[in-house]
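Here chain A shows up in two complexes: once beside chain B, once beside chain C.
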Partner chain A sequence: MADRMTDLTALPAVTLNDWYCVAMEVTAPDAFDTTLLGATFYVTRTADGWQATRPDGTPCRCQTRYDHIWLCPGTPDRDLFALPEADQSGRRPVPCGAVRVACSPLRAVENFLDIAHFPFVHTGILGSEPHTEVYRYEVEITEGDAEVWATKVRFYQPQAAKSAAGGIETDYMYRVPAPMVSVLYKTCPPRPGEWDVIAIFVQPLGPELCDVWPWMSLFDDETPQEALIQFQQTIFLQDRSILENQVPRLLPLDPRMEVPTRADLTSVAYRRWLKARGATYGATLEAL
Partner chain B sequence: MTDWIPVSTATGLRRGGVMRSFVCGQELAIWHSAGGAVHAWDNRCPHRGMRLSHGFVRGEQLACLYHGWHYGADGACTAIPAHPDLVPPASICVPTSPCIEAGGFVWVGGDPAHPPAEIPRLGLRSLHVEVPLATLRAHLGGTPDADGLVPFGIAAAALQAWDDRTTVLHLATPPKTSTTDRIALSRAAEALRREVEEWQTA
Partner chain C sequence: MATLYDYALSGNCYKVRLLAALLEVPLDVQAVDFYPGRAHLAPAFLALNPAGTLPVLETGESVLTQSSAILGWLAATQDPTGRWLPTDEPETLARVLGWLAFADRLTATVGEARLHDMLRKPLDIDAARAGAKQVLRQLETALAERQIAGQSFLAAPHPTIADIACFPYAALAPDGGIALDPYPAIRDWIFAIRSLPGFITMPGIHALHEVLDQP
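So, the complex of A and B:
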């Protein structure tokens, strides 16, 4: 898996110069190896913060944000995406640790953007039959091909939150600020008008293997941290059983490979956006 | 000579059951409808590539686990739960292979006009043996019948080339075979597996 000889320079600049989550800050040891894009990086805590080196020993940029350590294997050509909610008062950050999944990092993101699977994969939690309909929603790619957004997404949820008795229709917004990051905004039952934020930071270990780092920022002072993490873990293990059984493991960017419907507008936009920016690490352009 | 390839004993695939199988490296989802029909399909949902062998049977249809798309006996998509009012276009279809239950086994890929012989048998078990089909066949000896079955004691042995390194040995006995005899056959099959795998590695 970790191949010290991986030639990073062979990767497209758009992939090499992006930021990737490699660890959760509170659980990271003072020095550790981490696999990213098939290569092994070395990360240490110093008096000046975290520092990282490439497989060849040269230093590369590293920063901490959203309770995680982020690394840029190349030379950053942009800032790490902004998540203004992270600094909003009253919110509680919940980093959840990593779930390792034998799938393309892009498949992991695409699954996170998908609501149609809730009744079948997260039965009784995020969805249930016969409430399977995905209503029309809006998808846009923001100015300069910056981000993918899906808005006005509504879905029936049998158990919207621990506090909610019975099902309600929940509003969602989805955002893809970087090819391997996705952020979900979800109505927050105790605080009408505010959104709970649930994100995944996907660390590409290789084109068909990733660590998914879920992170939440919630208006919830009551539920114990452990219970929140446990809940996320349950959901992600259900997703993993899907993700490890999609064929092919790489995300197909050839539109003839898979058959989308209207419910898949976000996925369609995400794939187009990846293709347009050349972010094809973890993707396949060929037909099966 | 027959083109039918055994993929299971008839009792090994329960009603409402779905399983994953390989025929010469090609991955299949084999399923048994509530009404008793058996089907062999490409193991890949046209929607997002999910393995259909993880799906669930609803009556005469197979539904994909990921988004619940339903497929009828001919492999055509019949329902997309995200759009309950939509009639799925006929182009959404899973490639299917002929599949039949006969003589105590489930068979794939032959000519439906020439099914294997209908001889009553009771499935015993299926063993994965880590040798190529030709090796296992040579160790079993005996003369294959018209359906490719060879005798294994009083049982019939059917061989499935899973890929070029693995063969599945499916066994079925005459219906009235005693439990003692069935246990003895089962042990003998395990012994054969050990022997042929050891022979292979030696």
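So, the complex of A and C:
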């Protein structure tokens, strides 16, 4: 990955000028190297906050948000996505560390958006047979190609959250606010009317290798933090072996490459949105 | 009820959960934030187990560490059939104990490669994978010989704690970038263990898909 140093300037501006999660704030050492888009960045803690330098020694910007350190390898052309729920009182932030996955960063996001795999991969937790039907839901790409949203998603789950006692029909909303970030909002068993927020922040090390930083913001005053972290890690690690075996390795954006079903509407919108933005890092445009 | 200090992604903790499930022994499972919190190295946990290793089992009478020792305790106290730890057959018992030691070699090679690939533990990955392949080849040879003798399990005609001790890190090898395609006897044995009544999964080790009755 970092052996073959990427020429950052050869990357599309939309990729270079975006924000990427590179560390969890509380566990980050005072100085560390991190790989992003095939290049090594050096990040240090200073009196003025976190600062980073590119491989050529020039500075680039960092910020801390949602319990993580975010880095922009180019010149930021937009703010980091907004997640107002993060500041809502009564919520508990649960950063979960990083899991490395040998897959395209875009495949990690796409898998997170998929509901149909729950009964088969997260059996007994997020889904179970024979409750495999994905009911009709709605997908939209918001004004100005800003974000992808899937709403009115309903699914039967044996144990939707650590705080859920038994099986419930769970309501979901999915959101892609940046090509390598996905946020889901789901029914919050102890607090009807509010949404639990679960996100993944994907750090692209290379086109086929990423670190995935799961993060949650929950209404749950009872479950120990370590149990919440392990619940989320268990779910994500169940996906890891599947993700590492998906072919083609790069996410295909040519609609002729894979045949979607109705349940894949979110994925179809995500791929279309990536293509429209030119956010093709980790993707393949050509039909094989 | 015994209390298991557990990390969901640890193959060694899974050995204990798996045998307990097969023996239908309920455990009080307490999650320890091994990653990212490194809670196994914090004073509270070191007071329980100065070695800072997982799993730990509190039985009410003693605090047990080392997964093989815990498997031995579970089999000796919770298995009325005496099959999981056959103490009345010296040859079989010696084979079981030999495999318990072998299991530590799987942890030290496959387990390390997995921690590198999955949780970014800094180590010499080429050395870990080379070691893993050597250990897996030895396991493959032993299991192939058992197959020729008409046997599915490592030390006896039935599963023992030897199988439970060696199973997780063999089955998790792909997590460390080591494909199991060259090891057909290992794959058959993994299938046999996944078929056991009461089998439970962990992330990276999937259940056999239930074959539904045809109408």
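Throughout what follows, the second predicted complex is superposed on the first by the 283 of 288 C-alpha atoms of A that agree within 3 Å, B and C clash if a C-alpha of one lies under 4 Å from a C-alpha of the other, contacts with A are read in each partner's own complex, and residues count from 1 in each chain.
Note that a contact is a pair of C-beta atoms (placed from the backbone, for glycine too) under 8 Å apart; a residue touches a chain by one contact, two chains touch by 3 or more.
Since the model is a prediction, treat every value here as computed from it, not as a measurement.
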Does the superposition put A:T261 against chain B (first), chain C (second), both, or neither? first
Which partner does A:A98 reach: the first (chain B), the second (chain C), both, or neither? second
Based on the superposed arrangement, let me know which partner A:Q238 touches: chain B (first), chain C (second), both, or neither? second
Applying the document's definition of touch, where does A:E226 land relative to chain B and chain C: first, second, both, or neither? second
Between chain B (first) and chain C (second), which, if any, makes contact with A:E129: first, second, both or neither? both
Common interface residues of chain A with chain B and chain C? 129, 241
Counting only contacts in the complex, chain C reaches chain A at residues 7-9, 31-33, 35-37, 39, 117-120, 174-175, 177, 201-204, 206-207, 210
How about chain A: which of its residues touch chain B in the complex? 114, 116-117, 119-121, 129, 132-134, 241-242, 245-248, 252, 257-263
State the interface residues of chain B toward chain A in the complex, per the touch definition above. 27, 43-44, 46-51, 54, 65-68, 80-84, 86, 91-92
Please give the residue numbers of chain A that touch chain C in the complex, ascending. 24, 27, 95-100, 102, 123, 129, 211, 224-227, 229-231, 233-234, 236-238, 240-241, 244
